[in-house]
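In what follows, chain A forms one complex with chain B and a second complex with chain C.
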Partner chain A sequence: MASIAAAQVQEVRSITRIERIGAHSHIRGLGLDDSLEPRAVSQGMVGQKMARKAAGVILQMIREGKIAGRAVLLAGQPGTGKTAIAMGLAQALGPDTPFTSMAGSEIYSLEMSKTEALTQAIRKSIGIRIKEESEIIEGEVVEVVVERAAGGGGARVGRLTLKTTDMETNYDLGAKMIDSLLKEKVQAGDVITIDKATGKINKLGRSFARARDYDATGQQARFVQCPEGELQKRKEVVHTVTLHEVDVINSRTHGFLALFSGDTGEIKSEIREQINSKVAEWREEGKAEMIPGVLFVDEAHMLDIECFSFLNRALESETAPVVIMATNRGITRIRGTNYRSPHGIPLDLLDRMIIVPTTPYSHQELREILNIRCEEEDCQMSADALTVLTRVATETSLRYAIQLITTASLVARRRKATEVSMEDVKKVYSLFLDEHRSEQFLKEYQDEFMFDDGAGGDNAPQMMEVSQ
Partner chain B sequence: MKRTSSLIENLNDGSIKLKKTIISVNFENKMFRNTIWYKSLLGAEKSCLKEDKIKKVHYKFEDDREMVEEYNVDTQVLLRRAWKVKSKLGGDGKWEVEIGDPIPDPTPNVEIADIVESKDQPIVTRRNTRVNLEWRIRNLPYPISTYSISANNEEKCITVRTTNKKYFKKLQIPELIRLGLPIEQAHIQSTHQYNTLIIMYKKPQQLLDMDKEWYEELKQVKPIKDVPNECKAQ
Partner chain C sequence: MMDQDQEKVLKYLVLVEKLAEEILCDRREIVLLDKRRNQNREALRNLTKSNQQKCWLTVGSVLIKHNTEVARSLLEKDQKQLDIDINKLRCDLKVKVNNLRDLEMQPPVPGLMLVPMSLKETEGLSKAGIIP
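Up next is the complex of A and B:
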């Protein structure tokens, strides 16, 4: 038993160390040049030139920050890069602009009302840049130690030793701080600052004392002096907080009594009003700056009529972010009503939106995307295998073809090959069914399955939409 | 009483000196009354609470800041002084202790306090006596010869250095800053025992006078007799 537990711990550890590869982790921006013209292949983006150009215009609008409460709809077939464009936009905006991403169905599984969930999402997408005095720890890293507490599966324990030219101190680290130190790849010899209130880590460079180290310091390694004096200082720092964070800070004034009053995470509207007027005051005095961000609602057709009418109203507020929605539905029923409407969104809301269509990829573009994904998933693929895979993508779907990349590379690795060949792709193609072949299979053998009504799948689409 | 005895000593020293002393005493001895600090203390909204041998005074200043002081009734020594520090973004502030032992946090916020000094690291606490301002720095194992303690009048603090470059601290002296008094190296003394470095600064006459007068002043604030039950429980 003990060995199993140890193996599990090992597994957990390896996952937290490696940066995981997500469906859109190859996206690094919108792939536009300085004049916002889309490049053919850039920053992980391929094709979809019109939609990317449109996103570039929207990017410019957000950056200027003057216009509040615009809504954009990304509409297109499944697998045409709607989410990718939204992710690219988030990357292009940079870490200082709040970007909140949510799925339309998310609002139903929370312990709060739908409108509260939407309000919170909207307020998470508005940033406030404010100057505040903060406790800053600034020093050179002497040692970072992370170890797991004895007994297996215990919490991680971290210790950080920092020094200045005058002193040295040990710090105990919590789990979050350990994660962010690992993520920033902080190591001995780095000069860093840590904001004690927010836990934000900033790498200033390598210490001059380590300049002679011949270990792998990148070309862009910057060398700085080891700080002097006390490790901990009070400094004026510019913080970016979201309106939602300010709400939460102020709604917890009753301290831990809030725990007993059945705190479900809803925030009273008086508090929001109070904060709105306070923020307005700060802006007038020049103490704070407002950064309108982006709220991205994926699968927007999953919102219901209540949400849509709420959004109608919320978009008119001065403190509304730019709302980007994505949907892959055509003319369909609006959730919560019996009316049908394009994209499952009521016409009055559609009227307020600018709609950006995405179109299916061409053969060449699919090949390019698969190539990028191969690189991202660290998989060597021969040219003919890529051709086969592109064919698979054209005939079935891009998502299915992408699924085959890593599976095929695993098959190739089993036969100790360094490159994925056509045979490997064929093998996984036969091992894993795509949606179309699975349907074929069901149609053939449906009378052997349980609860079959023999109607040949006619009922299926209806079944999917009754869920309310 | 003490002051008159010192006057008598001066009298023996010579008549010229005596005149000077009287003038300076008359001029200096109530100078603290003109400081912003003393005026703000007078102007603050005060409430008082007596608990056993401890007198607790809560100040609410005109600029909305809050302060709490605790006095030992027998010795008239200030045991604790804490300020409520509110962040700019609002929310309930935290008590920051200026003098006395730190208040343990009943609900440590795990989310935010993700990096803290280890338990075995040096920690500074203030504990004043009747005649001295005192700093105690615990968890400092190095011998007394390691430390150099110097008055730094430019930055209005006492600087503690170690020859082994393990510890460095600038100790603020808000009491002197509030009265606009300089820091004098001659008034600094230090001892080291049980891993603790104790730094003492002799209170200047001004500060002694002010402490005394302020304690008299506080007697005018009537302690609240009927403490609500829920407060007593804590």
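Up next is the complex of A and C:
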């Protein structure tokens, strides 16, 4: 019964994931060459050379494990590629380094305290590497013979012949092995592994040499090469798990499904301490390696003073991840206080940070980015349409221009054209307002809107600030 | 100047090739040792099944008739030595592979030198589905 359930779970997992086109889905790395010099256009990155070079240096330091306990701040105007650089960094670090991305406002939740949310995010960004080792026998089945002893007694005799490309050997089988071989329906031509410690049999597939044994095979039939080398192998598998995952397993009260439902609630600090000491023990014995990962906090100005002082303390710990923050604020009020500070971050934390500025894109760079986005969104655009779009991007914002790509391509498709022309872009430009024109419209007709206090203009930005 | 560079490159290539050859040699050696280990195992099994007092042993190209008991102890001793040899080769292989990668300017294999966890320690993790 259990095996059936397990097989079903595997089937569900094997369905290919549908890739969404997100705002930063075109980014595949930082676009640096081997000597960390940024290439003009590479891996979806355009311009922003100084910031990318700085990110490259940070990347190298993370790889060498030298930067733990410090933080990086990406500061720049909206739409200058702060999140893009963080995403590129994550891609360049590879799948083995834990990378947690969160928005600053994510910590405000009713279910857990702010510090708990931050602690979980920090522990999600620290990985430990452990190794499993097993002795296995791997080979292609040449023949399986199971005989009942004469007289119909219970004892059965079995013999299994296995081969690799280099050798062949016989095994006499006990009753238990015979049972599990029969259960797995192992037959000549299968490639199997047998775990020496547990005796578990795993069918890898059928050998290519036997591919023509039958005319019709089921869909599940998988063909593999006959294994090479020795029969008795040592298999070593290295896993990377995050500290948070270990926390969750040890804190659950209602079965291990808690890990998948996502609703883990708060984790007791005693459990964390126990796990820390266990991991320290493993490291002492050489059984585990720490991998300090990266915690990326977008919109970091949304954190409040409590979070900042907590982070200040957390960065001191010897197993702290690299914290990368991004903010688009200038000198503003620190949330939770009445003090003003650069980037809305207290000076003592700012002092610990490496600050990387991003600057607005040039005209040429904007054109390049729009071009990349067109490719990403599968949209053919004529050269003059791209020129118009670049003008739009310089005069309004890059985000607005990117929004117009898909809408313009939809308009073009409606008139059954394969390419987006200048007229399509102009049409969507008139259909969808950008922020400036919307504001202008409101100013013109504010008397006709409801609940209007007739203020407009100068007072509006202040009202947007978050009230405490 | 040119000559010096060439010499340097040649030296480097010799170093890499030598190490790579050694690794391939060791791999081959492990396969041969495992082959002998499996043959010995088959022989031991057949000795327990047969009820004869004496048996034939091949030493090189010579056949020797020997006491079954003595033959068995010889084989068992050989098995033990084979296990030790294979394990030693495997351990050395790891160091050599890392050295080669270092020469080829590749990062070392992550976690290669870790001490493996015991079955009991990984049980909790695999039960929770974190590791397969």
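Criterion: the second predicted complex is superposed on the first by the 325 of 468 C-alpha atoms of A that agree within 3 Å, B and C clash if a C-alpha of one lies under 4 Å from a C-alpha of the other, contacts with A are read in each partner's own complex, and residues count from 1 in each chain.
Assume a contact is a pair of C-beta atoms (placed from the backbone, for glycine too) under 8 Å apart; a residue touches a chain by one contact, two chains touch by 3 or more.
Predicted model, so just to flag it, every value in this text is computed and none were measured.
Once the two complexes are overlaid on the shared chain, A:Ile194 sits against chain B while remaining clear of chain C.
Of the two partner chains, both chain B and chain C are touched by A:Asn170. Residue contacts after overlaying the shared chain place A:Asp348 against neither chain B nor chain C. Touch criterion met: A:Leu160 reaches chain B, while chain C stays clear of it. Of the two partner chains placed by the overlay, only chain C lies in contact with A:Asp96; chain B stays clear of it.
When the two complexes are overlaid on their common chain A, residue A:Arg129 makes contact with chain C while staying clear of chain B. Looking at the shared chain after the overlay, A:Arg234 reaches chain C, while chain B stays out of its contact range. Once the two complexes are laid over each other on the shared chain, residue contacts for A:Glu289 go to chain C alone; chain B is not touched. On chain A, the surface touched by chain B in one complex and the surface touched by chain C in the other have residues 130, 132, 166-167, 169-170, 172, 197-198, 229-230, 241, 245-246, 249-250, 256 in common.
Interface of chain C with chain A (complex): residues 27, 30-31, 33-35, 37-39, 41-42, 45, 90, 110-117, 119, 121-122, 124-125, 127-131. Residues 87-92, 107, 110-122, 161-162, 165-170 of chain B are the ones that touch chain A when the two sit in their complex.
Residue ranges of chain A in contact with chain C, taken from their complex: 96, 129-133, 166-167, 169-170, 172, 197-198, 229-232, 234, 236-239, 241, 245-246, 248-250, 256, 259-260, 282, 285-289. In the complex of the two chains, the chain A residues touching chain B come out as 130, 132, 137, 159-160, 163-177, 194, 196-199, 229-230, 241, 245-246, 249-250, 252-253, 255-256, 275, 278.
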